[in-house]
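Structures for review follow.
You will see subunit A twice below: alongside subunit B first, and alongside subunit C after that.
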Partner chain A sequence: MSGVRVAGVGLTHFGSHPERTGRDLFAEAALSAKEDAGVPLDDVEQLNVGNFAGPLSEGQGHLAPLLGEAAGLSCPATRYEEACASAGVAVREAVRTVRSGEADVVLAGGVERMTNHDTPEVTESLAIAADELFEVRAGVTFPAAYALMAEAYADSFGIDEADLKTDLANVASKNHDNAIPNEYAQYQRELTVEQALDAPPVAEPLGLFDCCPITDGASAVLLVSEEYAADHDLDAEVAVVGTGQGADRMALQDREHLARTPAADDAAAMAYDDAGIDADAVDVAEVHDCFTIAEVLAIESLGFYDPGEGLGAARRGETRADGDLPVNLSGGLKAKGHPVGATGGSQIAEMARILRGDHPNSDKVADAEVGVTHNAGGTVASAVVHVLEVAE
Partner chain B sequence: MSDAGFDEWLHAFVADDGYYVECANGHGHLPPRRICPDCGSTAFSEEALPESGTVETITTVHVAAPSFESDAPYDTAVVDFGPARVTGIVVDAPTGAVEIGDEVEPDVGASETTGDDVLVLRPV
Partner chain C sequence: MSGVRVAGVGLTHFGSHPERTGRDLFAEAALSAKEDAGVPLDDVEQLNVGNFAGPLSEGQGHLAPLLGEAAGLSCPATRYEEACASAGVAVREAVRTVRSGEADVVLAGGVERMTNHDTPEVTESLAIAADELFEVRAGVTFPAAYALMAEAYADSFGIDEADLKTDLANVASKNHDNAIPNEYAQYQRELTVEQALDAPPVAEPLGLFDCCPITDGASAVLLVSEEYAADHDLDAEVAVVGTGQGADRMALQDREHLARTPAADDAAAMAYDDAGIDADAVDVAEVHDCFTIAEVLAIESLGFYDPGEGLGAARRGETRADGDLPVNLSGGLKAKGHPVGATGGSQIAEMARILRGDHPNSDKVADAEVGVTHNAGGTVASAVVHVLEVAE
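Showing the complex of A and B:
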């Protein structure tokens, strides 16, 4: 089995670019990954791209060869769709391809165009990540589904509503602080706990600032085999050493746990086992905080906290940039933005930058050697976890 | 749109004949199901859903999808009926009034926005 190195990463600015096509966004990210890696496009043997709503948002199916063409590639190209975990799966399959020896150079990433539609339309297109018959037809939006999980969490662990909201507001505030120096982030500005608490409600207990924004953007990660990196004298010190994926019942009503995310438990266990580490070895994490409660569930699934213990982590400072285990130094989905199908790839890109030392927040974790990314689909009916390590 | 299995299940609540499907090993699910995701059984029978269930989690939705725009704000809840859980919109109660642990009974109502049939939950 070949080792896998991150040779280069590329991101567009995450934000509102309603006039820019998906193909243009992806081409920008791919080009910057190529330049970062110093690998010629002719060497790319495969493209794996994540996208969720392209057929709805752009009227564009059969996206992968189109994006390959836009990125100047002439190699097999496949689209992966797993709701918000689309790019996570695209990267995971790229890792498996390189490991198997089938290819030495694979470009993986994702793209989403969302702001060309108004909020109600986007709400409707995001809702298709839930169970259409039993949830969407019962008025469950994406924020509502996470709100149902948040209320179940508070009920399961005996937390009162005011404490729940305050602890969640601390998650949002922390992630905004982290986004301030990140040039790719949608919101490079502070959000106080008070502002988060005063925001209009979306689905109680979640207010506007508990929810990630609507975002356009693309991500690209150029993965190469260890042999290719050595042969071409690439500066590729970050390795992907673990990958895992899990699944759960689609509808909340069919889950064993409404306040836990077993798909992410399984993905984390698989990725840790693959990497030969446990949760204690992790120095820094990028997790899927599409809603503030999602970050809480993520850090519990990743084994950093027992169920019911993760809620206060941001308030206590433990997951802040200067805490023991910084979470979402990029700003997370909350402040960096959540172009759905691009997100999993952007987490890998941000983590690679953090570990390489060229992320604006790298100095917060100067000795970090092991980073974990957690990418969830829908209400965590699917989850993908990766372990990255500084290899040399 | 017509969806075999689901439409029959939903409309059974009109006649107070709500049901779930049970596999040969006693696992309860909502239809349509061909294979039990718990045990792989393919033998199902229709069983009566208890007349009321307990709210397991609930939220007040303020920002709705276009198909529920005129309904907002509304409460949507996951309700435990024992053999199966059901998700629906709470009616006949002010938003925020129904809480986790409360008893509700299922019925068929209509979306105020589209007029489409929806599963509604009424406080007992």
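Showing the complex of A and C:
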């Protein structure tokens, strides 16, 4: 079994780029990763791409060979679709492919084009990540689903509505602070707790600033075997040392508990076990905050907090950049943006930059050696967790 | 590296089942595979599913956890989309996962629900497997694309139109003959060469019976490690000994040759190399005959015929059930049917049945020991080839 190193990462700006196609965005990210790695395209043996709604947003399926062609590759290419965790599974299988020795160099990432449609159309597209028969036909949208999860959280732990909203507003405000220096982020601007609390409601108790934006963007990560990195004298000090995946019942109504995400519990346990660490070893995390409540559930699933204890973490400062366990130094989905099929790859790219020291927020976590990424699909019916480590 | 065995296979009837959902179809196939294998569901460590157009046909993405739930599984579940090769890549990654020791038991397969829409709608859905910007907007449909490939084939090798049509009609007639005893096939009925030649044109030179039908269906294959099979005393004599994948430029206009499928050449070379065999060793093949010309291109890519020589194979009887190298004993996509995202898994299931001796056509190839499957996406911008062998 070979060790797996991150040789290079590539990101487009996350934001509103309605004039750009998915292939164009992905090619930019892929070529940036190649430049960053200093690995020739001809050495890439496989391409794994995540994409969620290309058939609806661009009328384009069969994206993998098309994106490979756009990036100048001629290797086998496979598309993964796992809703908002699409790039997470694409990276996971890339890690396993390199680890097994099936390939030495795999490019993994994802892309989503979203802003070429208006918000109601995008909301409809995103709904295909929920259960069409038993949720969507009943009128569920994702803001509504996460609102139910937030209400269930408050009910379970006896939290009153005002405290719930304040704690969630602190999550949003923290992630905006982190995004300010991130040149790839959709919103490089401050959001105060007061602004978040004053925002119009989307689905009570969630307001506008509890929700991540609609975003175009692409991500790419060039993964290589330890042997390839050594043979080619690559600067690839960050290793992917753990990978895990979990699944849950699709519809909220079938879950045992609306305020728990066992798919992420399972993915985290698997990834920690794979890496030979436990949650205490983690220095920094990128988690799937599609809604502020999702970040709370994530840090509980990752074992950083007991159920009910994660809500106040941002308010207490523990998950802020200067806290004990900074979460979403990239800005998260909330402020960096959430091009759905690209997000899982972006988390790996951002974490690699953070750990190797060239992220604008790296100086906040100068001693960080272990980072975790948490990527979720739908209302966490699927989840992927990775553990990255500074290896040398 | 572990050997990989086919412990069990499951198929739904391929045909018109507009009242059945994708989850319902897949659950039937998955539970059949489980019964066939005699492996408890709790032992399944991963689910890989192929699906192509679920977001368009059922308004359902994020299918993997949903299908896992429908089949009674609680393991990680991943959706693969590679147009008509979706289940091919799902099986390929399952093979690699078992081989690497990451899991001992993986369920792989696919599902497609198509007949709940009318033919123009389905044609539009299928078009997302072509290049939206440079083919679809120019009016290309898949029958038209394959018609261009057939014309290019005839032009390249100096074949006149009447001979081309007759040879293609022989492919269709052969595959219908093979489907007659197959209880899973959409068309268990004879098609004479004359009937095929008399059919209305769809896209010249292709007539109605050169085209595969629109089909609902699902497939599942339970793959296990050799060690697991031995430890559990499973009847799993068929091994997957080779896997390969290839990619090509997406749009026909960018190809070097319209009548060649280099993605399949590459996939075949990789799979043969992986299996340690060459084309001469193959006794029987299931190939991707979405159109009759596609079977011709496939048997050339697989190395059974030189370019230009594959066209007459069915007419000459060589690929018929009583020929030297029977092709599509299942009936193929043409007569068994083509539920797009399920087809790659169906090919593996049919080949396993053929080789282990319980297929209605097994008696035609009683001594067969090596079988090949060939699954293609779009106009073969992607291709997956597997080699199966009787191991004991």
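Everything below uses one rule, namely that the second predicted complex is superposed on the first by the 392 of 392 C-alpha atoms of A that agree within 3 Å, B and C clash if a C-alpha of one lies under 4 Å from a C-alpha of the other, contacts with A are read in each partner's own complex, and residues count from 1 in each chain.
The rule we apply is simple: contacts are C-beta pairs under 8 Å (C-beta built on N, C-alpha and C of every residue); 3 or more make two chains touch, one makes a residue touch a chain.
Being a predicted model, the structure only gives us computed values, none of them experimental.
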item	value
Which of subunit B and subunit C A:Val9 touches, first, second, both or neither	neither
Residue contacts on subunit A - larger count, subunit B or subunit C	C
Touched partner set for A:Glu121, first subunit B, second subunit C, both or neither	first
First, second, both or neither for A:Val282, with subunit B first and subunit C second	neither
Which of subunit B and subunit C A:Leu66 touches, first, second, both or neither	second
Subunit B versus subunit C as contact partner of A:Arg249, first or second or both or neither	both
Touching partner for A:Ala314 - first (subunit B), second (subunit C), both, neither	neither
First (subunit B), second (subunit C), both or neither touched by A:Ala144	first
Partner chain(s) touched by A:Cys75 [first = subunit B, second = subunit C, both, neither]	second
Contacts of A:Glu204 with subunit B and subunit C, given as first, second, both or neither	first
Subunit B and subunit C footprints on subunit A, overlapping residues	127, 133, 136, 249, 254
Touching residues (chain side subunit A, partner subunit B) in the complex	119-121, 123-124, 127, 133-141, 143-144, 147-152, 155, 200-206, 249, 251-254, 258
Complex contacts: residues of subunit B adjacent to subunit A	3, 6, 29-30, 37, 56-69, 71, 74, 76-78, 84-89, 96, 100, 111, 116, 118-119
Subunit C to subunit A touching residues, read off their complex	21, 47, 52-56, 58-66, 68-69, 73-83, 89, 93, 96-97, 99-102, 127-133, 136, 245-250, 254, 263, 266-267, 377-378, 381-382
